[in-house]
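Given below, in the form of structure tokens, are the structures.
You will see chain A twice below: alongside chain B first, and alongside chain C after that.
The block that comes next holds the complex of A and B.
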């Protein structure tokens, strides 16, 4: 199921906001080059899991390792430099930076040891961004913003790319484009941890799936196993 | 008619402004040359705060601290009966402001938002009371600086700063220098990071930047440049008092930045001149200058939320031709976090 030493290994992670606990012991592993879908209904802790893994939400218990190195409690920028790229929910484009500046600012921080993505490679992936290099973040369509958010994360040279609702609110044609790009990124050997609502596409893209229920991992197994088990889908995902 | 792009028009406007300022000592009377010096100093002070408010997203309400510290440094280092050496006192004043900004910034940046506003205010007020109560710093009377610093080379004076025209050009050179410095800074890689921090600190951290260090660096640069303004002001007026450190001073410079247009650098220059010239004019009609200037600021905030810079860029890009060009605007509605 997992490689001898996974790229990302979270063990019994507890986290929450102030007095309000959200994660009650999440165990999650992502092997190098592997794609994992993180599933679950709203409010179950998917986004909090991601935020805890990358150091944006403090962990109150448990441990996280990246490539065998403990990163529990490290500040977010250190974890990012170890090769974790985030495509945040809501895209997180900077309205006051141009497309070119977004890519440049991300490239500066690259300490990532994953496949090297430079501006040319990112623009080849998203030709539409090449036409918009001087546009500010606010002057882009939703789809272009999403492409830029992915491109920005790739510029940091991630070994693990984390995507939170990367196709939310996009037109079907743009979604299809994003999914095909994700497949290409996966083909380059970047590990992917992805949260999305589109179960068929997720099961198509990913090797494995994990389901979060009330702050714990209720299921972790191959995508094929989840695809075959309609009862489990019905029970935990409501599909 | 020749059609010019908005960029060419902006360059023309900047050249025109620079020409007027360069020629001004020959055109303007003694009083107005003096006034323009004060306004240029205020403009430098306001630009330094714009780096924090308009680019880094740090609303500092204690910026007068660094302005005043530089003035007091000059006062302390000026001998009672002779001018100080500019080559010594200017760097000393800048270093004093930079050190203060490092300490105050290091402590204040542990907070954010309203907490940051209050703690920067608190630090500046602490310094205000130290100056106000301390005998060494002249207490509430302040300190007279009887001689402007001089710049000499092997005993011969290079620049006679007592000459109003020479002092005018020194301040003009500082204004132009600070504008160019900050302009290149905000376009440099460092500038891209602080602009990203203004929009979202966490997201910038997730990109791999230790945002705390960038914010502190920005705070120290802004504090040092505020020190330059405070140094020039003290040298110009020959006087420094606790008023230079007071919250009125911090509030005034913030109003100038907002009136002029945050996140533009040239906006604060416009703001300083609009503020100063308006105050000067209103003084002739009424004693209640604060009332008139206050109403003007309220009207500006309501009618031109992007400040004078926003109005000007609208005019330059041809407001009639349509689509508003937005640069450095506040964030559009964001997705859930």
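The block that comes next holds the complex of A and C.
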């Protein structure tokens, strides 16, 4: 699946924290409706890549384009409004908001330009949340928090959904549920950029994969190519 | 003190508490949500009182003065946040304290430049100038009752704004996790500007409705600032509910202190604060550190 114009295109992105550089030239592309796995060992810069793409960590070099439009240096809320939804590492649930409020505060009436998800659609995806509407963020189980983080991101109507470790620390049954929901979201035509530890599931869900090694992209290709190359998996992912 | 006298003082204390709540709620909101300690909060109270004096003179109506004055205060709050406070987020509290202390000096000078150093008074609006009879011997001014009613309305309005509206949800979300709120498309910078302006408007509004009760004079915000800080600490920093409880405690304690122990009246509220903090170090509604 290759569109003439990728939905997201990062070219030679440099970023870091204060005086500490982390990304040394990341090149990454996600086409409309495509699913891309972002892989790499601990501390290689996956989360930093995501943060730089969506404007949470300032970019010190290179460029990011969304739909051909430059977004380098735009504040995160502007990039989000162009149709990028985030499910962050650690879930980012607001302790002082109820489930219903999480969904309401994220809802974009003006439209996030992606498929429109409203509360009904999100609750149909995660029936568990429908029983917890009045619970505060802190009163939810880890699995429920993760579902809420995904549902909340969908409420913004994303064309691109970015997930960072969305199955981390969850029971196997809940993980399976999340993977199947991600497949459904993908089926709606939402592009996905996903970081996870579960390589088989990633290779199953995604069209392509990219491997981050020390702040650079060491491999970018089809999921099938990565699945076939045990040596590469061994070398860069340690599996 | 007979029962009627007690009742009058209690009403006075409650009414003072309501007024203090208006001031303290702005202080605690600004601290709890945008994390800025605003020492200039009392100066905005003073500016509000002067605006009431000045605009009532121009328009002949306190209501008109309040409407125009609140608009002026909101604009002033937005300007101050954009030009100064906005640079302080994520900075050391010492820098905030220095800057907002500097703001006090600027606002004090501004007040002197525009209105001079004289004491002024603002007449109670004619419709509210009467008194109601509490008992055969005791009257109570209608205006003071009116002020309490207005404060209740504002308190309810604040509650609805923060707990029931989408803007309020966004404010709470941004206060607990700014980056996540940004990633959902919320313009947190703009939201914080609004919260700061709201705080300024609350302080100034309190100064305006208090103007007919107290005099209008230079430095009138200083005492109010200290009271507001005592209240915020008693109630728990960042808690609007706590500000309400603290304001009532301080309003009533201060009022009775002045009647019962005039020699040490100014220390009564600190006594209340000490007792509360011994019992609950994080304040009445504060979260444990």
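Methods note: the second predicted complex is superposed on the first by the 233 of 239 C-alpha atoms of A that agree within 3 Å, B and C clash if a C-alpha of one lies under 4 Å from a C-alpha of the other, contacts with A are read in each partner's own complex, and residues count from 1 in each chain.
What we mean here is this: a residue touches a chain if its C-beta (ideal position, glycine included) is under 8 Å from a C-beta of that chain, and two chains touch if they have at least 3 such contacts.
All figures in this text were calculated on a predicted structure; none of them were measured in a lab.
K.L.:
Would you mind checking whether chain B and chain C clash or fit side by side on chain A after the superposition?
P.N.:
clash
K.L.:
Determine, for the superposed model, which of the two partners chain B and chain C contacts more residues of chain A.
P.N.:
B
K.L.:
Name the contact category of A:49: first (chain B only), second (chain C only), both, or neither.
P.N.:
A:49 sits against neither chain B nor chain C.
K.L.:
Counting only touches as set out at the top, which of chain B and chain C does A:89 meet: first, second, both, neither?
P.N.:
The answer is first: A:89 touches chain B but not chain C.
K.L.:
Please indicate which partner A:104 is in contact with in the superposed arrangement: first for chain B, second for chain C, both, or neither.
P.N.:
So A:104 meets both chain B and chain C here.
K.L.:
In the superposed arrangement, does A:81 touch chain B (first), chain C (second), both or neither?
P.N.:
Both partners, chain B and chain C.
K.L.:
So, does A:156 touch the first partner chain B, the second partner chain C, both, or neither?
P.N.:
Once the two structures are laid over each other on A, A:156 reaches both partners.
K.L.:
Under the stated touch criterion, which partner chain does A:146 make contact with: chain B (first), chain C (second), both, or neither?
P.N.:
Once the two structures are laid over each other on A, A:146 reaches no partner at all.
K.L.:
Which chain A residues are contacted by chain C in one complex and by chain B in the other?
P.N.:
54-56, 75-77, 80-81, 86, 88, 92, 94-97, 101, 104-106, 108, 112, 152, 156.
K.L.:
Show me the residue ranges of chain A that touch chain C in the complex, using the header's touch definition.
P.N.:
On the chain A side, the touching residues are 54-56, 75-77, 80-81, 86, 88, 92, 94-97, 101, 104-106, 108, 112, 152-153, 156.
K.L.:
Would you mind writing out the residues of chain A in touch with chain B in their complex?
P.N.:
Residue positions touching the partner: 54-56, 75-78, 80-81, 86, 88-92, 94-97, 101, 104-106, 108-112, 136, 138, 152, 156, 168.
K.L.:
Which of the residues in chain C come into contact with chain A in the complex?
P.N.:
166, 169-170, 172-173, 175-177, 179-180, 182-189
K.L.:
Which chain B residues qualify as touching chain A in the complex?
P.N.:
Spelled out, the residues of chain B in touch with chain A are 189, 192-193, 195-196, 198-200, 202-203, 205-211, 263, 326-332, 334-337.
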